[in-house]
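Okay, so chain A shows up in both of these, paired with chain B first and chain C after.
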Partner chain A sequence: MSRRLLVAVCALIYFFLMLPLLVVFPISLSSAPYMQFPPPGFSWQWYERYLDDPQWIDATWRSLYIGGATAVLALLLGVPLAFSLVRARFRGRALLDRLALAPIIVPTIILSVAIYGLFAKLKLIGTWYGLVVAHTVLALPFVVLVIAAGLRDFDRSLEQAAEGLGASRWKTLMRITLPLLRPSLVSAGLLAFISSFDEVVVALFLAGANMTLPKKMFDNIMMEIDPTIAAVSVMQILLVSVVLVLIGRFGRGLRDSAR
Partner chain B sequence: MTARGFWPALPALILLLVFFLFPVVRMLGFSVEAGTLDWYAKALGEGLYLRVFWNTFEIALLVTLVCLLLGYPLGYLMATTTPGWATFGFICVLLPLWTSVLVRTYAWMVLLGRNGVLNRTLMESGLTTDPLPLLHNFTGVLIGMVHVLLPYMVLPIYGAVRRVDPAIPAAAAGLGASSARIFWRIYLPLTLNGIFAGSVLVFVLSLGFFITPALLGGGRVMMIAVLIEQQVRETLNWPFAAALSAVLLVFTFAVYALAQRFTQPEATR
Partner chain C sequence: MRTAKGSGEGSAELLIEGVAKRFGDVVALDHVSLQVAQGELLTILGPSGSGKTTLLKVVAGFEAPDAGRVTVGGADITALPPAKRDIGMVFQNYALFPHLSVKANVAFPLEMRNVGKAEIDRRVGEALAMVELAGYEARLPKQLSGGQQQRVALARAIVFNPRLLLLDEPFGALDRKLRETMQLEVRRLQRRLGLTTIFITHDQEEALVLSDRIAVMNKGAIQQIATTTEIYERPANDFVADFVGESNILHGTMSAPGLVALPDGRKLMVDSEAAPGARVGVLMRPERFAPGGINEFTGEIVEAVYLGTSFKLRLACEGGQELLVRQPARGALPAAGTTITVGIDPEAIHVF
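Entry: the complex of A and B
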């Protein structure tokens, strides 16, 4: 009886969570010249407008390669960091652990303003690599959390066996440790990519005239609510769905890292 | 492994020092550049700005409370249902979590506006005659923020409920305890850690929220992050923005440190 009530309440909460994602689909296919619900008819016009506008396409490409570069850099820095934090014992390890996770806790607005101040001085505003560096700072905690969780569950006897059979440390790392960690690596890389691809606050300050997709969306929302954004939103939701499916298929389950 | 194991962390440490710690400390330094604490006196002394801090605190508290009320049933259901339904639950929680905040904020504007989907539906069904003011006010910000932050509450609670040994509630039920009693006497005390972790995370993240109040508040709901952005971009008052940032940062860390003191370290880790 009370279980049925619980299920009913949760159904409403699921609806609340999914409603904003679902509502953009019909709007993106509307034939009305402005936001209207329910849509009076069907048309692809907002998708066409997105595809025909070089500004939107440029912004999309820029966000894609900035996200890709962020994922690569965050993995290159974050994986060794996670190894040190989980496996090594050195003075200041607890401090380093806190520093690595601090970008989650420190409000993004503070980080954005601070990096904006520094980059303005270094003339890095509007450069794509400046944005990659800033996004890597934000993505690093995700990489560390996911990889560290993977390492904690790692069966080290496999490494010991490899080394006992004469493999060098390097060879053990490349042939045993990293392949076994692949699910965690996939999840960490995809999460780093998405965190950069979606990121807007840092981009508002650092992107300058070179818009990323979220910054272009922000500017459009501020100026006019035009259903082109609905079309962009639908594509963004589909991309996230694909990434989540990839994580579910090839990555370490998000469920395990949720703890 | 000993100190040797530190070296792999060095490149990441350099990144964090140069592009995280240094810029933040440098920026906070602007607030005392003049050698006085005048900017702090302004931030904490003038009623206008004190109100913004108070507003932020109030909103964060309310968002945390609503997230807890919605997040507990959801986390509990997901942890105690069949694997198939649990997966469905994870999709409903994780898909919004990783969808851009902008997409969701835009969607709420479409839903909550005067001519939005909700007001249309309500008026056409005859439940209301005039559009309800849902956007560009406190209600809109609250709805938008709860939507963004709810997953951060659900996941720790889900984890905590999962760790409860199912034999305990089963034994209680076998001994005749009602489901309400099982909840109050078994689940609630055993999942306090998860409730606490989720609440602290949601509260701390709320304090620094920018996009949602900026877009859904329509300039009428002032939170501290919005004020900082205005000081930097519109008035170019860096020292004052730095002082506001310092206050926000100290408050955030204080909440976090206080929370850690009260959390028992989990035996499993």
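Entry: the complex of A and C
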């Protein structure tokens, strides 16, 4: 009896979570010229409009490379940070440990205003690399969390074995430690990518004329509303889903990382 | 490969001098000194927490000692990083690299020494043949059984002709039968290659099977270093006597030459030169009791266990003394409650 109740509640929650998708998917394939549910007929027209519009394509590319650059930068900073947080013993380590997670805790809007103020002085507003820097700040906690979890589970006798067999610290890192951390690195990098690819608040402040996909979508909704936005959403959802599948396949599960 | 030399003789290949290490308030090593001869297998035997693993880590270079010196072949290696020590080590959990094939695992130390590719192939093949794993090159460690993993770890530790081989409780995870096979195999290989070896274990039986000499450790200090028979027959103190093998340990005073007075007034005839008046420990191994021995003990059997080749009897003797006795298993197992008399000859009693 209670088991059935549990199943029913879970089904309801899933339905609730999936509801927007159940609306968005059909609308993206609608033949009607405006938002209408249920759609009166089938057509690819909104996908065609998206693909034919250089502004959309432009924004998509920009989001892709900003996301990619963010992932790379976040890994370059986050991996050494995670190593020092897990392995090094120094004064203020506990403080740094908390600080590393600050970007998750501080409201994004506050962060955006602060970054805007700083970047205005540095003339970084409207540049793609400025956005990469800002997104890296947001992505860093995810990278640190995932890599630190991987490092805590790491069997250090493997590193000792490598050193005992004649490997320098550097060789040990490159041949043993990093290859064995690859699942964590994959997860961290892809999460950093998604966090940037989906991000709209910071982009609204900093992107200027250089539209990212989320910002273009936001603007599109403000200006005109037609089912193109649904088509874009569907493609964005599909891309993020693919990335999540990749994490599940090659990365370290988020479940393992939550500690 | 290095040529084999007679074990136990030769010059000291490894020299540990006054090595001390403390972790906070805990003294892990209390100025330990020992020597291992070229080609010798020395076992460090001790309970967990005795400092044996810390000592091994100091030799391997994973722990820096607070004081003391470690030299190999005359060269001081105390300050060298592990990578420069040229020491092969088999870890307790084998520490095989899970992402590398058997071949890549064994080739690793050679690659780190910039050995040429053809030479690597040849030596890896040789090492794998030596541990009877030829044909397993492409497997990953997780595709191997525990015994096979251990062989790979061993091949990896010897493939680069190390000056020293360290074995850290390598047989702990294997079942009894496999453990015995591996013990003999390791011993055979070690002898053949003439490898100077330190073997760490808490298993006294294993220590007796494998070693040239045994160093018994407790509380960060070496209690006794001696050959296996010496350790068993003539332990230096209570701890060694109790830790190695089954034992009956009594304490008393020498009342006359060759005579020990026990606290309960009994006198034991012993074969000892200790001066009258000296406080001594007396060790009687359970299997040394025989029906007609000179020093007689009469007691009631409290517990009788059949062990295949022998009976293990626990006697409650007159005067409250408990005695552990082993007798060859012939006839019926004596029933608990019966009173029997056993004896032990003076030569069979060790006085320390």
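Basically, the second predicted complex is superposed on the first by the 258 of 259 C-alpha atoms of A that agree within 3 Å, B and C clash if a C-alpha of one lies under 4 Å from a C-alpha of the other, contacts with A are read in each partner's own complex, and residues count from 1 in each chain.
Operating definition for what follows: a residue touches a chain if its C-beta (ideal position, glycine included) is under 8 Å from a C-beta of that chain, and two chains touch if they have at least 3 such contacts.
Being a predicted model, the structure only gives us computed values, none of them experimental.
Using the contact criterion defined above for the overlaid structures, shared-chain residue A:176 touches chain C, although it does not reach chain B. Shared-chain residue A:157: touches chain C; no touch with chain B.
When the two complexes are overlaid on their common chain A, residue A:166 makes contact with chain C while staying clear of chain B. Contacts of A:89 after superposition: chain B is touched, whereas chain C is not reached. More residues of chain A are in touch with B than with the other of chain B and chain C. Those residues of chain A that touch chain C in the shared complex are 155, 157-158, 160-168, 171, 175-176, 179-180. Interface of chain C with chain A (complex): residues 60-62, 81-89, 91-93, 95, 97-99, 108-109, 112-113, 156, 160.
Interface residues of chain A facing chain B in the complex, by the touch rule stated above, are 2-3, 6-7, 9-10, 13-14, 16-21, 23-24, 27, 35, 37, 76-78, 80-81, 83-85, 87-91, 93, 96, 99-100, 102-103, 105-111, 113-118, 133-134, 136-137, 140, 191, 194, 197-198, 200-201, 214, 217-218, 221-222, 225, 229-230, 232-233, 236-237, 240-241, 243-244, 254-255, 258-259.
For chain B in complex with chain A, the touching residues are 1-9, 11-13, 15-16, 19-24, 26-28, 30, 70, 73-74, 76-77, 89-96, 98-111, 115-117, 120, 147, 150, 155-156, 158-159, 179-180, 204, 207-208, 210-211, 215, 225, 228-229, 232, 238, 241, 245, 248-249, 252-253, 256.
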